[in-house]
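Before I ask anything, let me first share the structure, which is written out below as structure tokens.
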Amino acid sequence: MPKKKKLAIIVHSGTLDRLYCAFILGSTATALDMETHLYFTFWGLNVLVKGGLEKAGLPVTYKHMEEKMKKKLQQMKYPTLYEMLKRMKASGLLKIYACSPTMEMFDVKKEDLIPEVDEIAGAAAFLDLAADADITLLV
Amino acid sequence: MPKKKKLAIIVHSGTLDRLYCAFILGSTATALDMETHLYFTFWGLNVLVKGGLEKAGLPVTYKHMEEKMKKKLQQMKYPTLYEMLKRMKASGLLKIYACSPTMEMFDVKKEDLIPEVDEIAGAAAFLDLAADADITLLV
Amino acid sequence: MPKKKKLAIIVHSGTLDRLYCAFILGSTATALDMETHLYFTFWGLNVLVKGGLEKAGLPVTYKHMEEKMKKKLQQMKYPTLYEMLKRMKASGLLKIYACSPTMEMFDVKKEDLIPEVDEIAGAAAFLDLAADADITLLV
């Protein structure tokens, strides 16, 4: 069996625009039968707290476009961030990592996170898998 | 003939600082005879609308430095973003992709885009070429 | 002797959150015996000016969390950015590049930079080393 291609993304951002960017890449990758690894850190880690994905908005520079974008996404019947994440998980090809130093920095406990998180890990875990990946990105 | 090296950048940002970063990398890559692929999405896609590159400014965090930076670039006779893009195209080594889901989200039509765009494509096209690239980045 | 793994990061950002992200990745990489290359450009270059790392704060979107984060980092006895940079240098595995066009754009002279900078270089130097790296990221 040929080895699957591998995508590794550090999700540093917690804003709607960048999360959609990461999740669209991830969803497309799993649809293409690629192994997909999302390592959530900083603001990205904070949106993995239960209810966090639902609250994500746009950064200040684009804040004035937030309502319009959210409305448009609904009109397009675009899946929400959490729906996309669940679909990726259902593919069996997605692994979600929560950055342990960020959890300490923001006082986030394991039980605060959504259950889809696979592993709480430091940066070494990410570097290890990224060194072997075909595509590495930071969002 | 040896295979050319390949650079693939997702241009997610639409601000002056990050666009220059992407375009300087792209220009340098084409000068080094590397294949260069720029995939424009979200705010990046929006600046590919005719007149968009000319309007790009700094994000709110650095807004107070915008006029000074623009003046300095003129003093340095630095090429504008659009001039850089045209020069890269003239090398025959640059391919520009416009993200199709973003176009739907922002109601951007093909005819709204600058003529230098080579292809309207989804994320799969990017992942496909990025998996084979020597350098992948997201700006 | 086996070739060391290689991490190459473009540090475009100059804010606390993104600098910590880059420096944590870099520190972890050197601890894993990986060659680490940090290429500082734009806002990232500006923080390499003497006293710059100490002044880094959060972007406007997260400005309201800056004091709390700084206090928490002190409570955790987390090393400062400059301490982390010095430790990485001490490993002998880190090379720091300052982007020459950015220096011209912001009127930064060589003597303005912290002494840990190894080389003033253009984008070609980065692309050259990144093409050969195992992991490339832009922060």
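Think of it as A, B and C in the order they're written, each chain with its own count starting at 1.
Quick note on the criterion: a residue touches a chain if its C-beta (ideal position, glycine included) is under 8 Å from a C-beta of that chain, and two chains touch if they have at least 3 such contacts.
Every value quoted in this text rests on a predicted model; they were computed, and no experiment measured them.
Chain copies chain B and chain C are related through a rotation whose angle, from the C-alpha fit, is 120° to the nearest 5.
Residue numbering shows that chain A and chain B use the same positions for less than half of their mutual interface. With centres set at the average Cα position, the gap from chain A to chain B is 24 Å. Multi-chain contact residues of chain C (touching two or more other chains): 59-61, 136-138.
Across the interface of their complex, chain A is touched by residues 10, 12, 15, 41-43, 59-61, 101, 104-106, 122-124, 126-128, 130-133, 136-138 of chain B. Residues 5, 7, 17-18, 20-21, 24-25, 27-29, 31-32, 34, 59-62, 69, 72-73, 76, 78, 134-139 of chain A touch chain B in their complex.
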